[in-house]
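Two complexes, one shared chain (chain A), two partners (chain B, chain C).
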Partner chain A sequence: MRKSWWKILGLVMVASAIVGGLLGPVPVLPILHETIRNVYFHVPMWFAMLTLYLISVIFSVKYLNSGKIEHDLLAVEAVNTGVMFCAMGLFTGMLWANITWGEPWPNDPKLNGSAIATLMYLAYLVLRNALEEEQKRAKIAAVYNIFAFPVMIVLLYILPKMTDSLHPGSGGNGTFGDLDMNNHMRPVFYTSVIGWILIGVWVFTLRYRLRLLENKKNQIS
Partner chain B sequence: MNTFQQIKTLVYKDIVLEWRSKYAINGILLYVVSTVFVCYQAFKSVDTLVWNALFWIILLFASINAISRSFTQESAYRQLYYYTLVSPAAIILSKIIYNSLVMLLLSTIAYAVYSLTFKQPVGDPLLYSITVLLGSMSFATVFTMVSGISAKAGNNSTLMAVLGFPVIIPLLIVLIKLAHNALVGLDRAISTGEIVVLLAINVITITISLLLFPYLWRD
Partner chain C sequence: MKNSIAALFLFLSSNVLFAQEEIDMATGLRSSGKIYVVVLVLLTIFAVLGLSLFLLDRRIKKLEK
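Right, the complex of A and B next:
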């Protein structure tokens, strides 16, 4: 993962998505108007978050199998970065909701679900702080991480589908892609999603390498 | 002994241990009854929505109190002894079954006392009873694993709440919705989706517990 081509690719993709997203043509729709451009920034945050949480679960499973402390560090840094993307997703969503739905926090199952999922991952970080011993901390945190992941999926992707929701694609609403996006928007949107995922993974690897250096510094040689 | 017999023996052991002292179960029962009574004194009469929410909140806190001790009531040495005798899957399954039984008893009594004090016509009593049954099972499956994790992490009750609440909230949302459907007496066909989701979450939780518990107890 040390190669730099994918980092440059991510940067170029995000940069072109920002330019294309702010300048490109969008359909004129009631209520949404120009705010439809937020779909290029709000939705990719959640994709990046989900990718990072998925990476975290994979490394937690790997830790339980191998017992290598590096895998635990990878898992925790993926969660740290994922929580950041979740915060940005909530923030961009609140800006958008304020304009289209009239208030920053309407009582919507998807909003509440993502808030609770954030609580779950913050609980994971609290659990890590509660434990002193490294091996034990890594193991118990990995167990909780794997335990929490399916619940997060249920919260974010299954429960909102069952109830009435303001979000597209939930509660019998059509998905955003079917209703509102036209073919000019799609390429920009997918570029943005892939770009932000790459940036997220880059931030995560940087944090991991920092953590490794910190560990090395703290060791008695 | 095969796993099934091990589970049977372990559940029997837990019941006998509890029956000898009757400390925990009486304490929790008293807790439930007094909470219900406090709520009754405070609210006197409530509408359907509050009645339902209050009942599930009482059950939630009762279950957290009842289940949080499941891995700490016996000493670490005795647990080590069990671990040399039986498989970890048998231990977690027996705890889940025992906690489900406790929760079943608890929620039945809570429901009886609650509906006795707060008079509230239930539109579909059978569906409401099924919801209570499913709810006590779900609380037991989720909190057993969480209490196992928090017991390994030094077992402070804050940690149990911090770890347990976010995991139980999706279940609670579905349970409250299902219970509300039963209260107002909607057609049962509407509620099947919720029941399926509850059962699915339970199955997933039990499977993950079975997979993860062997890693948790091996210190």
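Right, the complex of A and C next:
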């Protein structure tokens, strides 16, 4: 129990974000109405994904330095968990967009960027499975992953900011500026973000530990 | 406990203040108290999810030994 305090913290933080997010005061805005509360649940998915992809890149770099197969396994499971959060972010975003923007997938640079980024990471997972030899697979996957990360950042966070996007933070207005988030919302939002990141990291460690066990079992048999 | 009830009351009263503008919000639902059911349902789902994560954690820990 000593080492699992952060897991409990993550659960408590998300649980309080559920209560605060549904009951707390929010700004009264046209079009958005109560759906503004989605900020507490849709956006943290992307923060969790970003954190997991970052963890993955760090372990890919570490793998290239050390050649330890554990680092490769850590990198791939971080991407696996990140893709899970990415899917949740995409689906929740589509539901939200359908109500507020009129269609689930409007032609928005951020949406299209996220689609390309998602495909890029799915390609990473497919590429890994296509290679048989363990060392070669780990090395190629690590190099691919290191290239994919900055491209994902550009597609999701830089290009949409340079053009007009339906998402906040584009076309001159700041992300999480005073228009779309007030000071009542901020504490709940950041609680939710940190809570989901902790849960994401937890799922990632579980997946890694399982993968490690499978790996050992395969080597014995 | 007293604090949390006070906090809940604060949440509610500030909602009423916000709702005085013309834009439709779910205040009717909330003032009738029924939004709490949804909150409880979500918390239940989330609690079970968290518990199952913990159980999974423990099973993996056993396997590792």
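We adopt the following convention: the second predicted complex is superposed on the first by the 214 of 221 C-alpha atoms of A that agree within 3 Å, B and C clash if a C-alpha of one lies under 4 Å from a C-alpha of the other, contacts with A are read in each partner's own complex, and residues count from 1 in each chain.
FYI, a contact is a pair of C-beta atoms (placed from the backbone, for glycine too) under 8 Å apart; a residue touches a chain by one contact, two chains touch by 3 or more.
Worth saying up front: this structure is predicted, and the values here are computed from it rather than measured.
Residue contacts after overlaying the shared chain place A:A87 against neither chain B nor chain C. After overlaying the two complexes on the shared chain, residue contacts for A:P30 are found with chain C alone; chain B is out of touch.
Look at A:V126: by the touch rule set out above, it reaches chain B but stays clear of chain C. On chain A, the surface touched by chain B in one complex and the surface touched by chain C in the other have no residue in common.
Within the complex formed with chain A, the residues of chain C that make contact are 8, 11-12, 14-15, 17-19, 21, 23-26, 30, 35-36, 38-39, 42-43, 46-47, 50, 53-54, 56-57, 60, 63-64. Of all residues in chain A, those touching chain C in their complex are 4, 7, 11, 14-15, 18-20, 22-30, 33-34, 184, 199, 202-203, 206, 209-210, 213.
On chain B, the positions that touch chain A within their shared complex are 145-146, 149, 152-154, 156, 159, 162-163, 165-167, 169-170, 173-174, 177, 193-194, 197, 201, 204, 208-209, 212, 215-216, 219. Of all residues in chain A, those touching chain B in their complex are 64, 109, 113, 116-117, 119-120, 123, 126-127, 130-131, 136, 139-140, 142-144, 146-148, 150-151, 154-155, 158-159, 162-163.
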